[in-house]
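Read through the structures below before going on.
There are two complexes below, and they share chain A, which is joined by chain B in the first and by chain C in the second.
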Partner chain A sequence: MKKSTGKEAALFDRAVNQFEDGHFSRSLKTTLSILKKKPKHAEAIALEGLNLCKLNNYHDALLRCQLAIGLNAKSRFCWQALAITYRDRKDYHSSLNAYKNAIRISPKNEGLLYDAAYLQFHLRLYGPLVQSWQTLVNLDSENLEYRLCLTLSYYLSGSYERCLSYCTDLLTFPKLGSNASSRLACFIPNLALKLDLHFEDSFRIFQEYSSFILNDWLRYEQLANLYFRFQKYDEALHLYGKLIAKYKDRNDFLWRYLKSLHELIISKGLPKQVLYNKFRCLLDLLPNAMNIKIIILEFLVIANLDYDFFLQHLLIYSKNKGIPSAILLLKSLIRGNLLLAHKIKDFLIFELQNTNRDNPTACLWNFYYLSCLTYFTFDYASSLHWIDQAISNLPTLPDLYLLKGKILSRLGEWSEAIRTLTFCCDLDRGDRALASRLAKTYFYIDENQLAYQSLSKFCKDRFGGVPIYLAETECIWFLIEDGESLLRQQSYGLALKRFHQLYNIFKEWTSISFHYHTYCAENAQFMQYLEMDEWTKTLWDSPAYLRTALGATVIYLKLHESPYFKYGENATAVYSMNENERLQFDKDQNQSMTKLHLQEESRIKKIKLDEDEDPFVIDPDLLGMELLETKDPLQEAMKFLYPVRLDSLKGWGYLKVLASVIYKSKGLHLKTQNILDNL
Partner chain B sequence: MDIRPARVEDLVGMQHCNLNNLPENYQLKYYLYHAISWPMLSYVATNPKGRIVGYVLAKMEEEPKDGIPHGHVTSLSVMRSYRQLGLAKRLMVQSQRAMVEVYGAKYMSLHVRKSNRAALHLYRDSLTFDVQGIESKYYADGEDAYAMHKDLGIPPAENDQNIELSNKLQSLAVH
Partner chain C sequence: MIELDAINSNNLKVLEVINQKTIPEEIRSFSPQYYKETLQIGPLAQYAYFNNVCVGAVRCKKETHNKSNKLQILSLGVLPAYRKYGVGSQLLEHVINSAKEIGSKEVYVQLPLALDSKNWFLGRGFTELSDSGNEETAILVHHLQ
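Our next item is the complex of A and B:
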């Protein structure tokens, strides 16, 4: 920051140094001593705001910074302070606007341009992003980070040729380390793909830059993928053979290996038997690789080729090894192919009646596989029959009861399902997976307290109990199931609490990427950057979030339609009350909620914490009643809907209809029309 | 099942697997920190539909006290329905290999509950880890942990086996 002159200037410089050293309280004290004598010192006010921001007093921080701007709109320092404050509050758009104003005053300030550029990364403003990095490179062409960021920003803005040119330049840049060079060289094939280059050009580029790739196996993988993409199956096969020998579990290599083999056989006009023989050799070479057996079977089923031998081989192997998931792994194939399902069933029954008759272990797995098979083909009555046979064979294996519990749930026999799953949990009390299944089943029948109880063993104590701990650990499935169950039971306050907790989790996830823009660009981790960018784009369209948005939208729309809705199951009774009765009802409700709150507070205060544990956070709105009292429920609903790409989302018609109703009520006709067009 | 390096899009699935199976849980930012800081060290196992059914979350020790670069396994878990497939071992082997080949690790370490016999069998007997010591009350519920250690490096025999297998796989090509 700029040096000043005079006594106040010396104090100001000291305050700035204290701020930069992270001593925010001291810096604030020094700043306030300046403001005592010069209360309209704009930059001191801005620095006060910055310190307040770092001390988490965002509201006052913003007010002070805005006041500073009001006093001196030509101060770069004041605009920068405002920008940082907005940025720390995660209001990135406002932060960027403030940076732009600061840059107008100091157009060659590298720090400002740099900070603004990272906001542009986060906000996906790729055109301005390229300009920012171009300016920085022009100011300091030897700065490696600037050049890396410019390269990445060319890719993000779709200028792939420029990106390729910068990548190849960077590879010869003296300051670039070998690891970063290797990562850049691995990134180049993506550019060749984007540019839709012919094989010769792609291959030439690969030959020029593959020497920078440190790991030989990555180089083989790149070359194999290149050959495969251009259907050079002979060369691809040799390389994938090498890769599979080292990475036997990589299904992408296996699949391409099989595909290459198949294509070569077709191209040579050889009979299918050659392919089957080759696949048998593969099984012999890797006899214990379950994934290879599955992949071969999948390949043959999808290609409509003869798979009987391979199916039987897989089933016999699985039974001999006692692999519970054998049928589960074929689930999507079975559901798409009834003939396959029949073949599996016929084989298992034949084995049961003939080969395995006197072998109890083999019988057990036959019964279990038959139960799984009929479960996946929706024949729950048969599935139940087979699992009971398995249980009578071995009554102490939890997995059998787990499947039985699921079957009974499908049949709507809830009390039996609960009884079975409880017994299952008792067989292995330390297994959280079994407890989670039991909890889910409790949620399906709206027994929330029992669900919490079944998971309590795996949770730390918190004010508010199990749900609060699971919200803290971002247990999405729990919050959704609990929220939807509470919604069904008309406990709207608590349901909203869960949906808001989910919203905050998703919001936090999208904001954590902000901290990694710098790291990824500096270290030439372009692939990781792109993955992170893609992930944050699709988070809000995930089924988990869409269920959250739907639940919250339903409640807020009803709240908007009727103020009595917040009373839940008592709504009808309250509606028919006179004013005095209603007031008394509200008073009684508040009293009982306060009592619950105090009881919980009293409970939690009795618990002794370890030295390194933070004190319990007391939530003033434990039951979500404040959420129900919102003055603008439609605005609240829109907060949930805003991040969702409703105009391009597939399915979720009900959510779209509700959203269109809300947007129409708010006068957002264009948005409404876009959603309706996508219905 | 596919076992491959974890991508950023896998992190939510890894967290779900962790929350479903283990009492030691982490916020997503911790998974992202691993994935971005040490790409290629964490692996996932996916079912044919692409759902995460197992994972290993690993890192390199940032400031090793002994000055020797080494890896550390933060968390490992496989969904109950997908056990008995050797996924845990295979996830560990892949991560271990990457620690050596990408980051030059000389050894790897992890912690395991004293009462977790299945995990102890995997690490000690199957993967040849040694118990270096006991960390008292390591876990939040007060249970002690074994601190385990394994020297790294791919044995020459495995390299020879891979070469032989590679030659046989390549020879399946039609000429």
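Our next item is the complex of A and C:
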């Protein structure tokens, strides 16, 4: 930060030092003493804002920084303070704009360029990102981090040739550590793929730089993938075989091994029996690797080959070892292949009738597998029959009642489902998953209080009870089910509360990635960075978030259409009231909400906290009524819709229709058209 | 494979289920107090697991008469599908070992004859007392050395 001169300058310098040392309260005090004598000292006001920001008073921090800009728009310090405040509030767009203004004043300030570049990473502004890092590298060509970040930004902006050139240069850079070199060398084959190079060029590049790869196994993996990509299955097979022996849990290696073997046998015109014998050898070599059995079966089913032996092997092994999850792992295969479902059923029934009589647990798992199988194929009546058989065999296992509860739910027999799941929870009161299933079923029938009760054992007490604790612990399924149930019951304030809590969780997860940009770039963890980037992109397209967006959009659209909507089930009655009656109604509502609020406060005050526990946070808007009083419901709805890639999303037609109505109302015709084109 | 494990507050209900399935209610029923007290007796109540699923349970009571200890078996049951695999024998063996550990001189059971399991106990070192005082119940005793 820039140092000033004079008496106030010494104080200001002290305040800056205190800030940089992390003593924000002290720095604030020193800054206020400057402002007593010079209330219009722009940079002191900006520093005051920065300290307030660090002390979590974002609202006042922003006001102070904006005031500072108003007083001196040519101060780099003031713009930087504003940028940092926006960044800490996670308003990255505004932060970047403020940094741009600061950079305009000090174009060669490395700190500003650096901070702006990380915002560009986060906001995926790859063109400007490349420019920022190029400027930084020009300012300091020996800085390794700058060069690494420039290399990555070339990749992100699609300049793969430049990226490759920079990667290969970096490998000879003296400051680059051996681990970072190894990661870069592993990254290079991705560039060859992006550049669509021929095998000879790809192989030559690999040979040139593979010596930097520290770990032999990583080298084998890279080489195996290269051979596989270019269909050199002979070489790929040998390497994947080695890799499977070392990394038994790597299903991708296994899948490629099977594929290579299959392709080789076809190309050499060998009989299929050779393939089956090889697969049997693999099973003998790793007899207890469940994933291998599943993957082999999946491969054979998908490739339309004979899988009977392997299916029976898998089922017999699973039943004898008592692995209930085996049938669950085949769910997607069974749903996609009726013939497979029939074969499994025929085999299990044969086993029941002929070989299981003397082995009670094998018999039990037979019943269970049959119940799961028929459940997956939507034959709920049969599924119920089989699970009852399993329960007769073993009435003490909660998993059986769990499945029965699910079947009864599907059949619409809610009271029986609840009774069964309650019994299931009684068998193991420490199992949170069982309690969660019971709670979910209560939500389906809109018994929210009973749902909260069933989960209360696993929750700490909070102001607002179970829902607030589960929002704190980011329990997504709970918030969605509770929110949708409240929406059905016309408790719109509370429903909006849940949807907002969900939105904040997703936003927080996305913002966490902000802290990893630096880490990944500095350590040349480019692959990990790309995976993280992909994850944050798809986060907002997940069914969990889409349900949130849909719920919130429905409510906000209705609020926009009618001001009476916020009254929920009382809307019709309120609509027919005169003004005085309506005022009285509102007054009564407010009074009852205040009473509820006070009751909850008084309840929570009686609870004794542990020494290390923070005091309870009192939520001023416990029932979400302030959310319903929004002046611009459509703007609020757009906040939920903005992160979703509606123009490329598959399905979710209703959400798209609602979104197009909102965007059209707001005059965003291009966005509307893009969504409608994707319908 | 048979393993034994303790009963705790989370899985106490399983004992109730095993008792209901192995001892008809008209022969003997157990009060809520019986289950509540089960949590306080430690190793004198055990579940039996056969291939990792719970198939049986035993629940005992320690008695002290004139400074000598006795152990009474209040319930011992194995689910019908899992009988004749040695589960009951292993539970009984645990009871006898527990009795020895607490310095008990004998283990006994007041067996309702309607349960038709007298021979099972007799085949495992129990003897019948000549006078049980009740036509419907036999008292079977295992003396420990």
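Methods note: the second predicted complex is superposed on the first by the 678 of 679 C-alpha atoms of A that agree within 3 Å, B and C clash if a C-alpha of one lies under 4 Å from a C-alpha of the other, contacts with A are read in each partner's own complex, and residues count from 1 in each chain.
Please note the rule applied: a residue touches a chain if its C-beta (ideal position, glycine included) is under 8 Å from a C-beta of that chain, and two chains touch if they have at least 3 such contacts.
Everything quoted here is computed from the prediction, not taken from an experiment.
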Q: Report clash or fit for the pair chain B and chain C bound to chain A in the combined superposed model.
A: fit
**Q.** In the superposition, chain B vs chain C on chain A residues touched
**A.** B
(Q) Under the stated touch criterion, which partner chain does A:C363 make contact with: chain B (first), chain C (second), both, or neither? (A) second
Q. Who does A:G322 touch here: chain B (first), chain C (second), both, or neither?
A. both
Q | First, second, both or neither for A:T396, with chain B first and chain C second | A | second
Q. Given the touch rule stated above, what does A:L427 touch, chain B (first), chain C (second), both, or neither?
A. second
Q) Just chain B (first), just chain C (second), both, or neither: which does A:C281 touch? A) first
Q: For A:V137, decide between first (touching chain B), second (touching chain C), both and neither.
A: neither
Q) After superposition on the shared chain, which partner residues are touched by A:L71: those of chain B (first), chain C (second), both, or neither? A) neither
Q: Would you check which partner chain A:I445 touches, where first means chain B only, second means chain C only, and both and neither mean what they say?
A: neither
Q) Of the two partner chains, chain B (first) and chain C (second), which one does A:L270 touch, if any: first, second, both, or neither? A) first
(Q) Can you work out, in whole Å, how close the C-alpha atoms of chain B and chain C get once everything is superposed? (A) 9
(Q) Give me the intersection of chain A's contacts with chain B and its contacts with chain C, in residue numbers. (A) 322, 431
Q | Residue ranges of chain A touching chain C (in the complex, touch as defined) | A | 322, 360-361, 363-364, 393-397, 426-431
Q. Inside the complex, what are the residues of chain A that reach chain B?
A. 215, 217, 234, 237-238, 240-242, 244-247, 249-252, 257, 261, 264-265, 268, 270, 274, 278, 281-282, 285-286, 290-291, 294, 298, 321-325, 328-333, 399, 402, 431-434, 436, 458, 460, 473-477, 508-509, 512-513, 516, 519-520, 525, 527-528, 531-532, 534-535, 538, 542
**Q.** Residue ranges of chain C in contact with chain A within the complex
**A.** 9-11, 13-14, 17-18, 21, 50-55, 79, 81-82, 85
Q | chain B residues within the chain A interface of the complex | A | 1-4, 7-9, 11-12, 15-16, 19-23, 25-29, 32, 35-37, 39, 45, 47-49, 79-86, 90, 94, 101-102, 140, 162-163, 165-166, 168-170, 172-174
